[in-house]
Amino acid sequence: MDETGNRHYPDKPPKVYLFGTCLIDMFCPEAGMDTVRLLEREGIEVHFPADQTCCGQPAHSSGFPEQTRAVALAQMRLFPEPWPVIVPSGSCAGMMRHHYPKVFADDPRLLAEATALADRIFELSEFLLHVARVSLSDSGQPARVALHTSCAARREMGTQVHARALLAQLPGVDVGLHEHESECCGFGGTFSLKHPAISSAMAGDKVDALKETGAETFLSADCGCMLSLNHTLQKRGDPFQGQHLASFLWQRTNPEGGRR
Amino acid sequence: MNAQNNSQINAQANTQALRFVPASEFKERAAVAVADAHLRKSFRGAMDFLIAKRAAQFPDPVALESQRGLAEHIRKYSLARLPDLLEQLERNLTANGVQVHWAENPEQANAIIINIARRHSTKLMVKGKSMVSEEIELNHAMADAGMEALESDMGEYIVQLDGEKPSHIIMPAIHKTKLEIARLFAAKVPGAGYTESVDELIGIGRAVLREKFMTAEIGLSGVNFAVAETGTLCLVENEGNGRMCTTVPGVHIAITGIEKVVEKLEHVPPLFALLTRSATGQAITTYLNMISGPRKPGEKDGPREMHLVLVDNGRTQAYSDEQLRSTLQCIRCGACMNHCPVYTRIGGHAYGTTYPGPIGEIISPHMLGLAATHVLPTASSLCGACGEVCPVKIPIPDLLIRLRGEAQHDARPGHAPMLGQGAAKSALVDAIWSGWAALYTRPALYRAFGWLATRFRALTPPMQSGWTVSRTPLKPAKRTLHEQMAARERR
Amino acid sequence: MSARDNILQRLRAAPQGTAPLAPDVRGFHAAVSAARPASNRATRMEVFCDKMAFWHAEVVKVTRDNWSQKLRELCAAKGVRSLLYGEQTEYTAALLAAGIGGLKPYDRPVDDWKQELFENTDASFTSTRGGIAETGTLIIWPDANEPRLMSLVPPIHFALLDADKLYETLFDAMIEQGWSGGLPTNALLVSGPSKTADIQVTLAYGAHGPKELIVLLLVNEEELA
């Protein structure tokens, strides 16, 4: 596909792989579990290769190509069946879909493997919308939310379009637009550690803009941004918090009203 | 205004011994800049304005993509033939009566210009906007040689009057408010009264500078596009000061980076259209000044002597690598800085280099070396806004990542080392990433680490490097996703 | 080795992958033009006038018979005391016959009268080589008769443009007029009066060049309305 969204989508598959990402694994496992619940509700069997760790993006963006290759290679072989690989994170999905082929560009055999895998990588909201073709039924109270789409999700995976389309299926949910919506929240992986002053200024501006929509919560398909913004708000003593899109979708559409 | 007053202004403008500030102190300057609410507000306002103006010029994303594709193609094609095109340009310019000079570094470029200036017993050089002249710090070299170099672009004139450097490549005085400029003019332009009217302020600048155009022995300009097939230098501007500098004085010196050459005149319109639309959201600038030579016999104006100085200053280093070469596709529109969330918050001066923002982060290492600039490629969240708006599709985020790598490693086998290669190498950081890779390539170890981290989550360190400057510490969940999924399997 | 040799040698030593094909700018332009509604003289004039107005220039429609009288009226209305003109152009005779006060020929090298040009010349009148509708632009090719500074130094610039020479785009003008076959020492595109937004992004006119640009658009009698 090209970045304008002209991707050819397969029919809904009986089975998929889940790539949970290292941040979700350690810090937001509920987002991973809710992803599984959303997929299973569509009658899809979810396989979670136990040997998965991290897509390699932290080393890639820090300029450590050797370590990136080692870690990426360790993931590439974990998805032998031709099933889609669902990634509940726009930036990790972008890494596997767009950057793996660049990481292995100098090795024809690995490049072929990386390209084949890249074809099967789907960010969660894209998969729900275009492959699983979900039809969500809203069971929650009317709510106003804001949406923060990570930069990679926006520019590499089109998540701001897919996530909005999913949320539009929920009549009780009103999605507010915020000022400078397309602007980065200042997380940027190791950027937030290396340049805390600038990163903090960006995160501060983003939470201000999200709050100004009058939303009760903000949603993100990326745990990195969400954690960065939530912990910024916590440091301010502000109760406003964000939630992973998967968790929000599950809670809104599960008649039991939340977690099992 | 009398001549004595004018020379006072000039003396003031020239006494500032302003040089590059070290890029290595970027973090300190950035911290000061983000804390300056006034600066933050002016940059945010100005960048929002430029972003909106640009967006209005490109209503159709599909059309924009095809225009960018063509512009990228023209630039890549020109670069692929660069040495041949430079020779063709030189031949045609020489045939047109233009003297062509080559400079490998700022010292050589300054020496060439100062020699020409001395030959003409120059007291005053008026300058049109030229970022390459900033790059070589020509004004200081001229001052050291006892000659005056006066900026005549309004924004450049303002920053020079205040002893500063441009904070933006297109809008040099964008960091200054109208009131600051009003105070500056009242204080430093003799005879000028205090006024907050923009029209009157511009009128003051016009009056001062018109005198200068008349008396200057030399006019200096940059070049936006150099056309090899015709031997033509194209200059893009709104004010007319570039035309003054290239037409009124007896000698015109143009200075440009070697990458600005295109093969054919017909390659100019697509680049020109994207340059002005991307830079300031204008469909066209007031002037496109296409100069193909000095005054011919019988002509009544124009310089009698014309020179072009072709400057390398690190460009051949970028050129020597097929990936880094795309840096040289740049047409200097400034859209990457307008859209950069980092630039927007810290402004141009914090970078300490001639070119700020994303383009500066990828070009400065070639000009100044990685030892001085390795922090600049890290000053990006890799959000991709720069690459998205770049009219010639420079993959800026990929180049930032590449330069981060070159700063921390020896040159790859078969690649010549960059200037300052490996300057940010750190045994500790190497060990951290090696340890990281060891952990993340050993699934059992990784799961054990997850198990421990969740069990001992109460022991998570409360200070987590830059993260906790404005955030509460990260704390692992009670159970990892791995554990929860494994437990599910067992059920 | 000279700096030139060093630079060229470094460039030639760089690895070159497959050389890109020459960009097909003409093909691209043809495709863009084909996708647009066809333009004609009337639409080009309309677009040109709109864009010129956007650039803060005045467009006054004139005919072959009345342009010099219109110019005389405009000069009087604007209080022009001295009007710089070029000798031996196809318009000179009509201009001289129009009874405009303060006519001043650009008849000697600028070096001899620079101060007078800068300080004591209210306006200039020049011909043009054509115009560009898409962007509201004049094509000016200065020569020995109409030197470069005529369109730059006087605060008011009157430019005569024949509507027959209005092109849709810069590219069309460049190709149809065969520019690459022979450019003058200084070819110019001019889109409105001189301007700047360097003070707090506020637009101001007359930065260094003309404060006013008045285009006399030469049309047929029936197009005057």
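By written order: A, B and C. Residues from 1 in each chain.
Methods note: a contact is a pair of C-beta atoms (placed from the backbone, for glycine too) under 8 Å apart; a residue touches a chain by one contact, two chains touch by 3 or more.
Given the structure is predicted, the values throughout are model-derived calculations rather than measurements.
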Set of chains whose contacts include both chain C and chain B: none
Reference chain C; chain at largest CA-centroid distance: A
By mean Cα position, the chain sitting nearest the middle: B
Separation of mean Cα positions, chain C and chain B [Å, integer]: 30
Between chain B and chain A, distance of the C-alpha-averaged centres to the nearest whole Å: 34
Averaged-CA centre spacing for the pair chain C and chain A, given as whole angstrom: 54
Numbers and ranges of chain B residues touching at least 2 other chains: none
For the chain B and chain A complex, residues of the former touching the latter: 27, 30-31, 34-35, 40, 61-62, 65, 341-342, 345-346, 378-385, 388, 398, 401-409, 433-434, 436-437, 439-441, 443, 446-447, 450, 453-454, 465-477, 479-482, 484-486, 488
Chain B contact footprint on chain A (complex, rising order): 4, 18, 20, 22, 24-30, 32-33, 36, 48, 50-54, 56, 58-67, 70-71, 73-74, 102, 151-152, 155-156, 182-184, 186-189, 191-205, 227-228, 231-232, 234-235
Partner chain B, residues of chain C touching it in the complex: 2-4, 6-8, 10-17, 19-23, 25-26, 28, 32, 51, 55, 106, 108-111, 114-115, 118, 134-137, 143-144, 147-149, 152, 169-171, 174-175, 179-180, 183-202, 204, 206-210
Complex contact set, residues of chain B against chain C: 46, 49-50, 63, 66, 70, 73-74, 76-77, 80-83, 86-87, 96, 102-104, 108, 152-155, 158, 171-174, 176-178, 181, 198-199, 201-203, 205-206, 209-210, 213-214, 229-230, 232, 238-241, 243-244, 246-248, 250, 258, 263-267, 269-270, 272-273, 280, 283-296, 298-302, 310, 312, 316, 319-322, 325
